[in-house]
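Labels A, B, C, D and E are assigned to the chains in the order they are written; within every chain, residues are numbered from 1.
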Amino acid sequence: MLTILFDGIAYGMLLFVLAVGLSVTMGLMNFINLAHGAFAMTGGYVTVLLMQRMDVPFLLCLPAAFISTAVLGVIFERTLYRHMYHRSHLDQVLFSIGLTFMSVASMTYAMSSSQQIIQLPEWLKGRTEIGEGTWVLGMGHYRIFLIVICALLAWGLQAILTHSRFGSRLRASVDDQRVAAGLGINVNGIFMITFAAGSGLAGLGGALGIEVLGLDPSFPLKYLIYFLIVVAVGGTSSITGPLFAALLLGIADVAGKYYIPQMGAFIVYTLMIVILLWRPHGLFERKGGK
Amino acid sequence: MNTTDQEIVLSAQGLVKRFGGITATGNVSLSLCKGARHALIGPNGAGKTTLINLLTGVLQPTEGSIFLNGQDITRLPPHQRVHRGMVRTFQINQLFDTLTPLQTLALTLSQHYRHGMRWWKALGNNHRINERCEELLEQFHLAEVMNQQTRHLAYGKRRLLEIAIALACEPRVLLLDEPVAGVPAGEREELLATVTALPEEVSVLLIEHDMDLVFNFAKCMTVLVNGTVLTEGDPDAIAKNEQVKAVYLGTEAAHG
Amino acid sequence: MAELLRVENLQAGYGEAVVLNGVTVSVEQGQTLALLGRNGTGKTTFMNTLAGATQYVSGSIQLGGVVLHKMPQHQRAAAGIGWVPQERNIFKSLTVHENLTAVARHGKWTTESVYQMFPRLAERKTNLGTQLSGGEQQMLAVGRALVLNPKLLLLDEPLEGLAPIIVQELLQAIRRITREEGLSAIIVEQHPQTILKISDTAAVLDRGCVVHTSTAQTLMEQPELLNKLLGVAR
Amino acid sequence: MKTCNILRLAALTSSLIFSAGAIAADSFKIGLILPMTGQQASTGRQEEAAARLYMAQHGDTVAGRKIELIVKDDTTVPDMTKRLAQELIVNDKVNVIAGFGITPSAMATAPLATQSKTPMVVTAAATSSITEASPYVVRTSFTLAQASVSVANWAGKNKISKVITLVSDYGPGKDAEKYFSQTFTANGGQIVESLRVPLMNPDFAPFLQKVRDAKPDALFVFVPSGSGASLMKQFIERGMDKAGIKLIATGDVTDDDQLNGMGDGALGVVTGHHYSAAHPSKMNKDFVKAFEKANNGMRPNFMAVAAYDGMHVIYEALKATKGEGDGDALVTAMKGMKFESPRGPISIDPDTRDIVQNIYMRKVEKQHGQLYNIEFDVLKDVKDPGKTK
Amino acid sequence: MESASLSLQAHSRWKHLETVFWLFALLSPWLLAKHALIINEIVIVALFALSLDLILGYTGIVSLGHAAFFGFGAYSAALFAIHVMPDPLLGLLFGAGISLLLGALCSVLILRGSDLTRLMVTLAVALILKELSNKLSWLTGGTDGLQGVMMGPVLGKFDFDIRGITAAWYSLAVTFLLFLLIRRLVHSPFGATLTAIRDNRLRAMAIGIPVSTRIAVIYSISAAIAGAAGALLAQTSSFASPDVFAFDRSADILLILVIGGTGWLYGGIIGAIVFKLLQDVISSITPEYWTFWIGAFLIALVIVGRERFLYPWKWFAKR
């Protein structure tokens, strides 16, 4: 039972890292970026290329995935996305889906359509078990690694957001864009950095996810639904919202499939409908927010 | 105010609205007679718009009740209050941007005449509605722009349409929320004229800061301060009222 | 005395609603202007326009010789505008301290000097913006503008809706900032009596135009005029 | 009027493109409908490459007729498959339709084959019942029943008595589950539990954990080839091999296309399947070499070999009918056809039009630094058990 | 002053161009007999897009799960043909009717929340239905799809032929009739109240429009039309599989509608023509990489602007 909980947490944490960037762009910039998955995929492929062709160790690939997608994010933000901020949501959807289509086809062309597989270092491959009987807790080392990394990230993000000057300026910009700018905060610049960080996180998530979710060019579309669920359920006004939503989703999914396998696919969707009917703006609606 | 021999159309009794711990409206009672010209004034943040939202059903009061023509409407949804004759305009234009003034009015009228579910006939197929549309467009100086999309109209014209829509609903009680706010000088006269020329049988509650309009229009005034009624009376009495003066000019009493 | 702010024939508004119809005012170095007018006459729009938060239409704004009206909003703080918005607009997910540090610029006014001026804020350093009372929020809004180390302080209805004792405390503080520290300011108020006492000059807005300018003293001494311009009267 | 013109222009352009192939009036056309995009895209890629390889090796003229291959992407949407097939038959007048990545696509198209008397060579979809959907269906891939029954038989003889089955929740998966269970219990084994995972399933953890908790002797798996790798890794990560649970599967799980990337954890996994890129015959060695050469080192998998053999069946039928393109004659010629394929000897069952082939038991081993499915046992001439009961 | 009645009805009057368009469309199965199949597919997609336009374009309700109704209609019609009778028109009515009921049920889900909430709730409904169609294999044939759908002749006379001419003609005729209905509807007072709700819900309430009821009604109608489109697909392809509920289908239809432009009826139709032809032409040239060009097209469309890109002739449109 504990093992199931553990697996659910690991899965949820991974979803969190993948989706948090999307939640940030939606919440902060009111921009619907359905191409978020494409950034995640890019991060994944960067890792695959580095590991397969250049034998770069896995641990080094992670920051590389983050940085390269973040840079890509900045480039896209400056050249394309910024023209889309003032457009209607439907245009944004059309635009970002177009981008996703292109990325899928380009990736198929460049990397072929088959599943990519990476070899984790040995120390990540094992498994440790604690306890006995119903309370046995079996932990795959990679999943421990995932939980640790993602928890650190979540904690780090939270720390940056709550304890750094950048964080307070970012929160100020989200709270009240107009007044923040009027008090000398460069809201556009902050948004750009945030967009880059969001893309970078997606890339990192993509890299971390190869082992669990697999990686092929259809990735951005395949997991889009999951990202959107996390964002919708978690709300777009905090870090804790998506984190909680992702964990809930991960645990519910894993536990649901374990205990009632024949209901597997229904659980997540039903849960989402129920939550959204109960709290239409997500679990962590900002008080008095829009 | 002379309420004894006149029919009371709208009355609010002991309205209280709290948001969390904050009391936005504290025990406000108000009544309008048939044909009333009543102004509601008060400094910013006095709770005027909250009061309008309570009356029209956008917000539910925490306490108190509202009667329209003697019927308790406190729990009715907004659109049913409209059916019973209470209509409002908005401080910030709330218009149908992609429709023309003509379409807007035709649609409002057909909804008013209970044609809102008719789907088999074209809008504009009804003689009565068309004629009434033309009258309203004429009356509100909108005839020459009737086929332009509302979002492309001049601000003053949109303000006029805002009131025309309300009148199309043939209100018995009309709540006007700052009708001349933001209207440039050139387009102002037209608007003032239409407000003063509203049909006599309609009871009007006006929220306004423009003293020209208030004093030209109102036969009775209520001063709202901090969510409660400070005083009520005819314009001259209000103009002379020291308490009101204090509120507006900020002698020490104002903050007491 | 040198002229600090010069606004000429300013037109601005929100979207297509033009609220300011050609406003011309000026503020001298070290002086305080009381900007008066009834509700909806354009006072707040004027302040917001200086801070860059409205739709600018035409006219010019210069602050200490620098052209302001074409400057992006976020650069105006650096140019010397210290804005205290009407609704206070405390950043609600920031603590009191963060509200100050997030925007602070180097200069004479520091978070410490703000805490000295408003000891209540020092006590509530770690509280979130939303947990403050109205008066404390107003103090924080003023403090937040001060740590920008502005040349010109824009106070938009700083006394609105506050308890009398807080009003006094704030008035004291404002008087200290403007009179003793010599910071130039524009103060918007609906209640002229309170504010004229601590101002040098006064301007009255009606329907987006300046309908009266004089020294604060002159206006204060004419209650009839005041009532006509600002009271409940024709 | 402008709308009209533009519409006409669009129609004209499209008709030009549609009819471009029709110029060579006497060519023999094969319409190959495959998923070329989306999650099944690798199937399409393998098959197209193999078909083209076959044509390159055997020339594009057979019995005096020029062979023309038209490839269409059905995006794995059955009604799209059907429409494309219909267009190929009606407009392009193809003589044979081939491909069909998933069972519903094949099922949707089968009535069309009957109606138009067009031979339909199924080179991918693997549910038993497809060949029964139309008398014009000929299959050169495999059926899951073939593979599953063989695995079940092998398991019964190898001290495996308690098994949990884990299959993807769709037609082929259900087939695999059914035929494995039938055979395995008939041989005295016990099925502890039958798990079905959703087709779109990102994480196998809960299912594998369930298996681990139940501690059977072996886990029998069928998932479509794309998910095989991640299932395998999670199997190892969960330490199930160390807990004494064997992984037995149909060959989809250790798909040759992916096997090499799975890493050493895959070593020793036993699967039953009809093709391995390591099949020790000269023909296969040549095939693999040519395929890898033509496709940037991509290793052919069982999809590729099915398309390769599909082309062979079509070529031979055409030869047998002396270049006549008549559908009935072609199907008659295909029935009972027997030949050597890179996978070994195969034949087309004259009664069911389904493939009869050897099923090999293989174990993943390392050869020349690469992972391969190395055959160690063979069940000869396996007919589709789905039809022989 | 121009008469109000004239101006008001100007929008609902038939334009010549429309007449020409529909004449051509209705004749197209004969004029372009070779392409009857793709015409049929385009028509079905156009009808589906039209149904989405009713809620998205005219009422401002977003949906990422409209395939729920499409698929429901498809399965209903297919099952009707198998278990009750093979008459296409009755099956169509049945499919549309069942979808109407489903739409009415689901309309309670979309009344609250933001656009994102609505997107996700509608999406979840479609995905749950998809899963159901997979699980209830005794009824639906599971993943393999529902086989053995044998359709009778249309009106008892016209058999479905392999060239797809009857199918195209049948779909066109149904779509045309439904289009006429929809066209009436959007130009009626009822239609105007929908636009009012889209433009400004607050004001719509303030002129006495019962907003929630209206949304529920139009949502159900839209569901019925989507169901009819699904039924057409199932009938003309004699097949239904869980794929009819797929996310891609909902997403594609949203794209198609947005490509053509929302809120003027022809948007969905033009979007369907453009998208399907592009897909067909490009994917027959490059079956593996056609999505790249579709993506490029979408981006270009958004950046250049729909008006300039697609219809220089948009002057005859509603606005």
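Just so it is clear, contacts are C-beta pairs under 8 Å (C-beta built on N, C-alpha and C of every residue); 3 or more make two chains touch, one makes a residue touch a chain.
Bear in mind the structure is a predicted one, so any value in this text is a computation, not a measurement.
Identification of common neighbours of chain A and chain B yields C, E.
Minimum number of contact steps separating chain B from chain D: 2. With centres computed as the average of Cα coordinates, no chain lies farther from chain C than D.
One simple way to say how far apart two chains are is to compare their mean CA positions; for chain A and chain D this gives 35 Å. With centres set at the average Cα position, the gap from chain A to chain C is 43 Å. Centroids of chain A and chain E (each the mean of its C-alpha atoms) stand 33 Å apart.
Annotation for chain E: residues 131, 248, 288, 290-291 touch two or more other chains. Under the contact definition stated at the top, not a single residue of chain B touches 2 or more other chains. Shown for chain D are the residues that touch two or more other chains, namely 37, 41, 44-45, 169, 198. Chain pairs that touch one another are A-C, A-D, A-E, B-C, B-E, D-E. Taken in their complex, chain D has these residues touching chain A: 37-39, 41-42, 44-45, 169, 195-198, 200-203, 205-207, 209-210, 212, 226-227, 229-230, 233-234, 236-239, 242, 257-258, 261-263, 265, 298. Interface of chain A with chain E (complex): residues 26, 80, 83-84, 87, 89-91, 93-95, 97-106, 108-109, 113, 221, 225, 228-229, 231-232, 236, 262, 265-266, 269-270, 272-273, 276-277, 280-282.
Across the interface of their complex, chain B is touched by residues 13-14, 16-19, 21, 38-41, 157, 159-164, 167, 189-195, 207-208, 226-227, 230-234 of chain C. Touching chain A in their complex are the following residues of chain C: 48, 51-53, 72-78, 81, 83, 85, 89, 91-94, 98-99, 101-103, 105, 130, 144-145, 148. Chain A contributes residues 165, 168-169, 171-172, 174-176, 178-188, 287-288 to its touches with chain C in the complex.
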